[in-house]
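Shared between the two complexes below is subunit A, which pairs with subunit B and subunit C, respectively.
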Partner chain A sequence: MTSTSDTATPRSRKGVDGWRWTGRIFLTIMILYTALPMVWMLLTSIKSGFAAMQFPPQWWPTEPTLASYRKLLDPQNSVGQDFLRFFWNSLFVSFVTTVLAVVVAVPAAYAFSRFRFPGRKFLFFAVLLRNMFPAVIFLVPLFILMRVLGLVNTHGSLILTYLTFGLPLAIWLLKGFYDNIPIQLEQAARIDGATRFQAFLLIVTPLSVPGIIATAIYSFIGAWNEYIYAATFLTKNEQLTLPVGIQRFFSENTTDFPGLMAASFIMSVPVVVLFLVLQKYFVRALTEGAVKH
Partner chain B sequence: MAEVVLQHVMKYYGSMAAVNDVNFTVNHGEFVALVGPSGCGKTTTLNLIAGLLPMSGGDIKIGDRIVNDLDPKDRDIAMVFQNYALYPNKTVFQNLAFPLQMRKLPKDEINRKVQEAAKVLDITHLLERKPRELSGGQQQRVALGRALVRDPAVFLMDEPLSNLDAKLRVQMRSEIKRFHQDLNATIVYVTHDQLEAVTMADKMAVMNGGLLQQYDTPAQVFANPVNMFVASFIGSPAMSLVPLDVATVDGKTVLTSAEGWNLPLSDANARKVAGASSRKVVLGARHSTIKLHKSQVAGSVPSKVYTVEPTGDITFVQAFLSGAIVNISLPPTASVAPDEMVWLEFDQERIHLFDGETEMALRAA
Partner chain C sequence: MRNYGFGRALARGMAVSTLMVSMMSTSVLGQSVDLSKWSPEYVRSIAGTEEFDTAELCGAVTPLDYEGRLTFWYQGVFEGDPDLLRQYYKDFFEAFRATYPNIELEEQALTYNDLLDKFRTALLGNAGPMVVRLQILGGVEFASKGYLQELSPEDVGWKTEDFWPGAMKSVMWEGKTYGIPTNNETMALIWNADIFERAGLDPEAPPATWDDVVAYSKQIHDKLGVAGYGLVARKNAGNTPYRFMPQLWGYGGGVFDEADPNPTYEEIRLDSDASKQALQASVDMYVRDQSVPVSALTNQQADNQPLFLAGQLGMMISHPSDYNVMLDLQAKATGDDQTKAQTVIDNMRYGLIPTGPDGKRAVVFGGSNIHILNPEYVEGGEVDEAAAKAMVCFWTSPEWSLKMAYAGSNPGNLNGFKTKWMKERLDSIKFLDVTTSMLPYGVPFPTLPETPEIMNIIIPDMLQNALTGAMTVDEAAEDAAEKVRALTEGGGL
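Here is the complex of A and B:
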């Protein structure tokens, strides 16, 4: 490397450095843009209520306190009870959505990838149709549908709705994954004594774990953060999910910014943890098939 | 070990027949090569034997069972794939053990058989590795090992050597041949490389356009190709084919060229061309049966040299003859120059004659 830069002319080195610095500056701006709100959220969450309202703002809290967190996570007081219930509701809805999405998407994606059946192409693009329109368009029709099904004010209505968002992309993502697994592996397994299903279960599924995990994370985050449908379909306080719950909870008490920020921070914890634990699979999923093995 | 019988086997894709009424029998312990150009139906035929594709018609027998409706797992076969198809998340040991586990063998027996197979193929030191940590040749051995660990009735091999480099290919070729001899295994082997087929197989099935062209020993296919396709496909360099016309000069049958020369035929060859469906006849000759002369001799025909290719122990000459190109092999001492006029003498005993219309070999009536 050094020898090439030694022989390179000063002008071209300057050009490279110029691009490199442009890149660095751009990346720095992007990092600040994404990270600063998070940092501000964290800082505000450990301020007292009074400190949070000061102007000019305290950049660094003079008396950091975990009081907001204690209040939110304490099952003894009413705030903590509500918050923990919302948290549990969100976890339940997101978890069930994720499990169902994977259970349906895995065989569906495999079928789209491996089998040729009448209407295959039509069906495959039909699953995407739902994602070609803004979510709000389906709000009223889905609400009517849920009312007919008797699912309004149940978590079932949200799980069903989130599946209509999540499944199409989950199927697309996984199909690409199965397309990259050579069919000869299954053929070899079937000749080696496996049934078609065993070949799928014992050979193909372990290889598609990264894809399944990516799909699961995607479904989970989609369900975890969703607001509009949750706000429309649920009215009873004890059923609310976190995004709606936090919004309602703090619109009654607008001045408690540290509490709001602490709640937002706790809400981001499961997603961050999920990402950190599974990120190596997630990255592998996105780059799988990029290079011929 | 078992025999494999194909009877009137058909495979349609839509209205296109990928395999069209193919019949042949692979005897116990025979090594049969399915050979032909890309898209000739050889791999489809192999997949039909394996049961990976449903047949459109006909019967396939393995041993004394008709296997038409059996799953691949119930056909008692093993297959080696072109891309090896090793299970990437399993170690070599687990790859070899998989077919045995699927048959629910006890653990110690699996262990014993895997070790045995690994020893035969000299891959014992690789058993704990993953396939991606192996070289192409080692992957190839593991793929072979996975096939032989189970002692199946028939081995199916789909171009197992075509992903290897040239040197390794020659080495593995003799290893597979040795493996066949030691195990007395029944093997059906697909290749597009006629040299592989000729050097390894007991019999070869030459396919083209979904049709079985010829099924015989390599020596017979080489010596008596049934039609122009087989003649031009088998042998390297290919048999030279020169389209000519039949004529009678002074009561003798000759082949005549638009270039103005006549090639008198022997009595035996004259009887062959008498059966042709028209006056058009194609003369076929292999490079080693043509003599090259610097001056005209009796029965020779004039030609112009196109290229000269010395290979070390043989020099190949290509020459124009009646609009076609003829391959001739010469000793390396021969001195011939491009564009030189030469005279070619054909060995009447060893030339091939084909019907210019049907492209079938002409036989003495």
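Here is the complex of A and C:
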């Protein structure tokens, strides 16, 4: 018995180790694949314009400089003024989109999850229908619509558009979440005298916080990174958002690579921070609907 | 550092100069600058000989105390452009506001590759600006669709003769004038003398013909392993036609007969033997010799520049702004990098664009024009005509048409060549002689509404089809000719 066990164990461990090492190598490659561009972006952002164009590249800047960051964050010079304005515009549009997405998606998803009404299935899939077409198809029709509504060159046009695109997935995401909250909890609250709204607000909502946070992150990232609609609806310099604004680093014949990389790095900070702080909710919400309780 | 045999090259190019002079036709006699005498020496002789008071001149068009509102879009200068040029743009708007304190100006700078598409979209929604400054090939398209008002130099106090005849052609549609040139440019060949020397070529002599470019490019690549010539073939980027058309015309080809003295644009020549020869030269460099950047299919000039400055590219076509960009980069570099940057500057050489096998030298007559829109396409449905003319007058004045083109181009208003700032430019911008010497070889793009589609889509498509091997040279040229035919004779835009 013992000898059998002794011979079996190393063979089994060997097999497990092989898979484990394959996994580790794969993960290392994936980490390098995702992290190296970020590292290169950061390194380029602390080079001078000339150093950024050297070949072979300066893997580590011989003369590191924060000039690009100083320029971008200095409200006294025109580049800094523009960049900071673009940043606040993006923050404003993304924040308002996120708040409105949550305010609309939460009751809508709850209704789809809990209520049975005529056309429920049709409406649910109708909401998803928009996401089955490439966004660019709606570009010109939406531009003309915004023009009729008088919203061209306003942040309202972007907020409205981002909600149109973001809400379907937000509703779908939250519905899955509500489906997994046992209805008995609400029934118990109702028996204890709570109204339906109180049961929703005091029982269901706290339980669905991870889903709401995930929806919020999703809406925020979508609005923060969106380019094509922002580039089409906005023409005034004072209205531009960051994805459109950083085009300024490309000119007809030349590109300011360190400035572009510094702007891209600063632009990625809010999203990365938001995701790192709230990622456990995001992952939980995405996987919650996969398991039936 | 010397510029390769200008006098000789200019003499050899007299045939083309004659062509240009013929384009000047009757207007040459009334011209404020005598274009028939055009040479680096002549340009130097007239620089700094006259003074112009912009406020006084434009005040005669729109009173300086005029109260109004103006929306204005233009191809702007941004972070990558030389500080000098950015400062002039800043100064311009400050000067305009100071001169016309009661005009509420809302200006919007757009990037080069973005401007046309954005403008088209805005027009669809009747949300255009009152005044727009477009790249030279855009005006006719919008004029033919009825978006632009008639506008001639006389409307803002200048004379038609104050502008290059070729540039004026680019704002004409069906015999009427729809805009005014702000700046005009012709490019030149830049090469790296150090690379030439290490590759066994004469460091001070550029390739004389396009066939030489192919041969030099191969020699540089074979000897040093770096790209020889900066081929660009990106789609929907103006840089591509600006670099391929001189080659096409040099070999004797063309889209139509646009390089002839009196073009009619009726005969399509993209599938001619000469055009195919030009396309073959690009294929030889990209496919056979592999002596150009492998990324040429998606490259534009902004991608060539880093390669050139890093010593990874032997030759490219560009305008004088590259020299200013380099000076800018050097000024902002520190430590060892500053020395390296100086070495790159020391090795920069500018020369005339090569000729074709028959000695034909040609370059795109580029630049930008300023236009006033029809009210129905403008946000709010109204155009403040007086405010619009004030802006047009200001930008096209001798002073500002020169200053706004200081680093990379030339003034649209020929009187700009007479100002003290032109003299200053000639003293401070090395190689300016070369690019101004190319002006008489300039060939305007065909003045057809379809030109942007042809130059930005069909020509790059033809190049890409041949370079990727999707089609043979013959097939690619014939396919492109057929597309031009379908566009101009059939479907239209």
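Throughout what follows, the second predicted complex is superposed on the first by the 262 of 293 C-alpha atoms of A that agree within 3 Å, B and C clash if a C-alpha of one lies under 4 Å from a C-alpha of the other, contacts with A are read in each partner's own complex, and residues count from 1 in each chain.
Rule of thumb we're sticking to: a contact is a pair of C-beta atoms (placed from the backbone, for glycine too) under 8 Å apart; a residue touches a chain by one contact, two chains touch by 3 or more.
These numbers were taken from a predicted model, which means no experiment stands behind them.
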Which superposed partner A:191 touches (first subunit B, second subunit C, both, neither): first
More subunit A residues in contact - subunit B or subunit C: C
Touching partner for A:207 - first (subunit B), second (subunit C), both, neither: first
First, second, both or neither for A:182, with subunit B first and subunit C second: first
Complex interface listing, subunit C residues touching subunit A: 73, 75, 77-81, 90, 106-114, 118, 121-122, 124-127, 129, 238-239, 301-302, 305-307, 309-312, 318-319, 321-322, 325, 328-330, 332-338, 340-341, 379, 408
Parts of subunit A lying in touch with subunit B, wherever the complex brings them together: 182, 184-185, 187-196, 198, 203, 206-207, 293
Residues on subunit A engaged by subunit C in the complex (per definition of touch): 48-55, 62-63, 65, 67, 78-79, 140, 143-144, 146-147, 152-153, 231-232, 235-237, 247-257, 259-260
Subunit A contact footprint on subunit B (complex, rising order): 50, 52, 71-73, 75, 77-79, 81-83, 85, 87-89, 98-99, 102-103, 132, 146, 150, 156
